[in-house]
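Both of the next two complexes hold chain A, though its partner changes from chain B to chain C.
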Partner chain A sequence: MSEQYVLSIFRGDQNGGEEQEYQVPAIPGMVVLDAVHYVQAHDAPDLGVRWNCKAAHCGSCSAEINGMPKLMCKTRLDEYQGQVVHIQPMRTFPIVKDLVADVSWNYEVAKKIATFTPVNAAPFRMQQWDVDRVQEFHHCIECFLCQDVCHVLRDHDAKDQYFGPRFMVKMAEFEMHPVDGADRIPQLKNEGGIGMCNVTKCCTEVCPQHIHITDNAIIPLKERVADRYYDPIRNLIRRLTKKEESSSSTVPSKA
Partner chain B sequence: MAQASQPSMNRPIKPSGKLPYWVEPAFTIVAFGGFIIYSLWEVLFHNTGTYHNYVSPFFSPGVAGWFGFHVLTALYVVWVPFIFRFSCYYYRKEYYRAFSFHPFGCAVAEPKSHRNRSYKGEWKINNLHRYTWFLAVIVLIFLWKDVVEAFIFPNGFGVGIGSLILLINAILLTGYTFSCHAFRNMIGGRKDCFSCTAHGQSQKTTSYKLWHRISEANVFHGTWAWASLFSVWIADLYVRLLIMGVIHDVRLF
Partner chain C sequence: MNIETMETHSFDVLVLGSGGAGLRAAVEAASGGGLSVGLIGKSLLGKAHTVMAEGGAAASIGNVDAPDSWQTHFYDTMKSGHYINNFRTVEVFAKEAPARVLELEQWGAVFDRTPEGLIMQRAFGGHSFRRLAHIGDRTGMELLRTLQYRAISLNIEIFQEVTITRLLMDKDRIAGAFGYYREDGHFVMFKAKALVLATGGWGKVYKVTSNSWESTGDGAAMAYRLGGELQDMEMVQFHPTGMVWPPGVAGLLVTEGVRGEGGILYNSEKERFMLRYDPERQELSTRDVVARSIFREVQEGRGTPHGGAWLDISQKGADFIKQKLPGMYEQLLTLGDIDITKSPFEVAPTCHYTMGGVKAHAETCATNIPGLFAAGEVACGLHGANRLGGNSLADILVFGRRAGIAARDFAGSRKGDVVISEREIEEEAERVLKPFTRPDGENPYTIHQELQEAMSTHVGIVRDQKLLEDGLEKILKLQERAKNMGAQGGRTYNPGWHAVFDVENMLLLSELIIRGALERKESRGGHWRTDYPEELEEMGKWNFVHEISPDGDRIKQVPVPIMPPALQEICSRPVAPGKEPSKNLDQRKGASS
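On to the complex of A and B.
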């Protein structure tokens, strides 16, 4: 066997651990997950790794490869030729074992968000060009790499103050839907903590689905929050006309 | 959350094919820092930015002149582009990364000193970005007037290097101003349904088309931001050097 990759994989759990090195023979086109599977099959059958589709669709295999949050199944090893490849679990979430992180906090956040609330019963009639905007957000595979990289959650551990970029995408998906009637603006400002995001765009940089998280979800939502809460002139007009502001053009007043 | 058990941060040895993570913030520090020092020199030590038919963007419109002030004349205008850029969503990324290390780079651990200070999110004052946009548009109108004047020489229409520099500057500033995220919201971004107000007609409405065009330009907002920052810098420097007699304008025809 000719070329070898050197993998340095974190082994451990809540009680601690360290990286261990493994040699893996190079196969053209192999991805990091292939190499991890090789290690599991040959050297460490007890190596903990979560994966499912191996096609960048299920969002299970998130990890940190040489310090960068990435999908293991979408990261080619030849990107790291001549380097030791360090593989660690996502560090924003508690560790379960080896490369497996406990992402359940995200599911708790998801429960807090009002889901799609149509103003009238299906079937809905809408123009494709009107829904294109929210369809970008449907591409999310819930890999939580954006949550992992977001400094608000990662460095400040402010999970009680900010839902994180993935859930800004989710809220944008519902909030900008042509026939949705729920009002998520107060929640975005308060519990959702959209003001915690300082638009530094790391979420967008790591998103394997190339969702424009900041430009198309977070910033437009911040603008809607500003419309409602931080715009003195709109506020005055609202008071003078005694009109409740709605963020949806389809319903005059919302819950 | 339990973090103690996590391995220590190993920054990528070298994410292949990409620049090291510190390059972008380092560029920002140098470019921004340089521009701010240059602006201070311009504002504090010069009272005119006019050379024949050329006016530097730092001194336009000549607000100070309208009220008869003759000291720090640039100051009456430069605060507008300054607050517009300061509250710009793109520049927030650049300065929060480069100057306050929140974060310095993606997945780069923030400095230890941040641990003792609670992070409160971004400055709320930035929510007023929409107002600074209107002010910036007013200034932009004057810059276009200056462009027209830059093509009118004592002997009639002409083109000098200076005319072209001011023209390019105005184009880049227009691109920057109209690709703004706040403008994108005002122009239609706050609507969820464009066809609804058009009674469900299937043809794209004008307001949709406008929002869509602005959205396309918005993708390059950062590029517009840097390009126009440098064009303002170059335009001002060009006029300044003309005034100082260091260089001479070249008339193309």
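On to the complex of A and C.
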């Protein structure tokens, strides 16, 4: 008998459910998603799971593997030699079925962000070092693992107060584009809720694309918000000139 | 029958498929005229197979090699397609690609830069100049994400995770589509004045494939059932460099960018074998040639331990590799246990792209069904017998846009109400639920696996009469068994149920691939027959077009459109335009390599 892996996969829907065990023959180099596919093909054809590319490009197969938010296609089973591999759906979002979570909230948030607004027409003259910073944010595959692990969303369910790390990265991507002219600082402070993040860096830790979410996106954006709204000198000028806080036209659109 | 729970929607323009072509079409359709636009995807938004395109988008912008021009791109594309492409499609494509790439920059895509601060372009197989605008090795994702955020900022109603099982007609014109939400299985019907098919290819019919689960050819199969014409079905592209080891990742794509950035192929005897097969272009020969060369080396006993060739880019150094190919570095490291900055790795051909598909008009993407347009991998006409790397990303931009415009025009001028037969809907709803009445029926996953085995064995990279005939027999038997496919469980997110329809579509298209391959008694591009090893002039005059008719399926031999003299002149040149030695142009302007 060849080597076997033991998977314990959550089966259920909004009415509840529990983990069920499945045995899967080991194949060299196999990933968790391969094993889930094996179970689907042999034991449970109706096992709900999302996946597309199986190459860590699409960000569909997000799940919690032995408690850690991960992509199933990028997690090798030989990391779990001798252990039962527990697979659960992302817990921050409502469940649809089995490993499939309802991530539609993220798509609602995406619609709220002021999109890229170039100040002049392409072709743009930008040096590689000008774009290195934003290109990091473009690596995001929208797997929503950062949203899943963010305690503001996960433990406090404050989805109405904070867009979450994914959309801080998206806003940073537009905001730091050398040719962008829109002002997203009021939105970051208010509706986006950037102040909710208290920089525990859990999102950075789980990012399969290794984006430095906290250091390179959230903290610089927090600084821009602070510059705008909490700079004492600017506050003084504002008081003297009696400008409204929300009057974005009186302050430079870019930090 | 749960027809009473059916949701209905009505749009002027309905786009099927939310990959690059579909998004581009929807963006265009929504950008003028105040028409209502719906966009349907089988997956979540932004997850489509477009993300797997890595190397870049081909466009003769000439930022790196100034002498590049649309004429050279035209020359390269026709040559690579072995001249069975529709010349007009290629001409439109080569002329418009640069504008479409710049438009993406305008919408927020951030391409790698040249020292002058312009869009960087890299070398790729079969392209005479460095032509692929790229973002590291994740260009497709950038393109898709850019279009995705563009689309959500417009007035487009987006339906995610909806499977369409049938296209609907109103007499002789398109009328809409019927399907269900994957999330809970409830039915949905879309009425549409015009419909754009952008449903991608069917690479999932092969066992070793770089394609995602979605590439099951739904759009092509549904159009065919309505009488749509499918062309060049025998033309399937095998990408030379898929991962080989470990088995868990076999077939996973290694971007052509690795060779574009200087990667070298060796056989087990450390010989740079591409020098023998294509001394001029070597590793950067076209994909059909490189894939066949690797296959031959393995067959003749010079393969790597797991039956492939060695690809080595380590000589370029770790910094360069991590900057230009970060995704590949990470992919090989985490999934293959190989550090490509230090050592060579094994590669072998993997199914990558279907050149054939729904025959589409060169300028409007119109099919033979009024109101139905096709763009992207599902369409046929641009790539001929072999697609050039980087041409598919440019394809979806150029023809996605054109299909959007044509659909908008068609919908705007269409008179009268769109009428859909209720009876047809009821029949389809019943058919879709049928698998649940056979919980002990055939397992769709098993049928799919056997289909993939049969296709890989009988109509893979190498073909002959006997192989094809035996393959056809297997597929026809599988089609019989498939009639009894069953589903267990309920309608909520049930992949086993969904697979039934995917497998039906794949079985249909597989049969057409084999029938087309039997018909084309020669070797050309991606179609290699050992019993007819030569490319034949006579065969080059024809495209094979499949259509369903009252007397059964048939294959028509349709003449390849004949180029006007000015384009013929371009193609007949001994070297690509701009490559003439006498000109002695400095082509290295701003290049990084």
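Operating definition for what follows: the second predicted complex is superposed on the first by the 232 of 255 C-alpha atoms of A that agree within 3 Å, B and C clash if a C-alpha of one lies under 4 Å from a C-alpha of the other, contacts with A are read in each partner's own complex, and residues count from 1 in each chain.
Note that a contact is a pair of C-beta atoms (placed from the backbone, for glycine too) under 8 Å apart; a residue touches a chain by one contact, two chains touch by 3 or more.
Please read these numbers as outputs of a predicted model, since none were measured by experiment.
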{"item": "First, second, both or neither for A:Q135, with chain B first and chain C second", "value": "second"}
{"item": "Partner chain in contact with A:M126 - chain B first, chain C second, else both or neither", "value": "both"}
{"item": "Which of chain B and chain C A:I87 touches, first, second, both or neither", "value": "neither"}
{"item": "Touched partner set for A:H177, first chain B, second chain C, both or neither", "value": "both"}
{"item": "Partner chain(s) touched by A:K159 [first = chain B, second = chain C, both, neither]", "value": "first"}
{"item": "Dominant contact partner of chain A by residue count, chain C or chain B", "value": "B"}
{"item": "Partner chain in contact with A:I27 - chain B first, chain C second, else both or neither", "value": "second"}
{"item": "Which of chain B and chain C A:M168 touches, first, second, both or neither", "value": "neither"}
{"item": "First (chain B), second (chain C), both or neither touched by A:D13", "value": "both"}
{"item": "First, second, both or neither for A:R224, with chain B first and chain C second", "value": "first"}
{"item": "Those residues of chain A which chain B touches in one complex and chain C touches in the other", "value": "13, 125-127, 130, 177"}
{"item": "Interface residues, chain A side, partner chain C - complex", "value": "13, 27-31, 34, 40-42, 45-60, 74, 76, 96-98, 100, 102-104, 107, 110-111, 115-116, 118, 121-128, 130-131, 134-135, 138-142, 173-174, 177"}
{"item": "Residues on chain C engaged by chain A in the complex (per definition of touch)", "value": "43-49, 51-52, 102-103, 105-108, 110, 112-113, 115-120, 135-136, 138, 140-142, 145, 149-150, 152-153, 160, 183-184, 212-214, 245-249, 252-253, 327, 330-331, 334-337, 443-446, 449, 487-490, 492-497, 499"}
{"item": "Chain A residues within the chain B interface of the complex", "value": "10, 12-19, 64, 66-69, 79-81, 83-84, 86, 88-89, 91-95, 105, 125-127, 129-130, 149, 151-152, 154-159, 161-162, 175-180, 193, 195-202, 205-206, 212, 214-215, 219-220, 222-227, 229-231, 247-250"}
{"item": "Contact set on chain B toward chain A in their complex", "value": "1-7, 9-17, 89, 92-93, 96-97, 102-103, 106-107, 109-110, 114, 118-122, 124, 127-130, 181-182, 184-185, 189-197, 200, 202, 204, 208, 218-219, 221"}
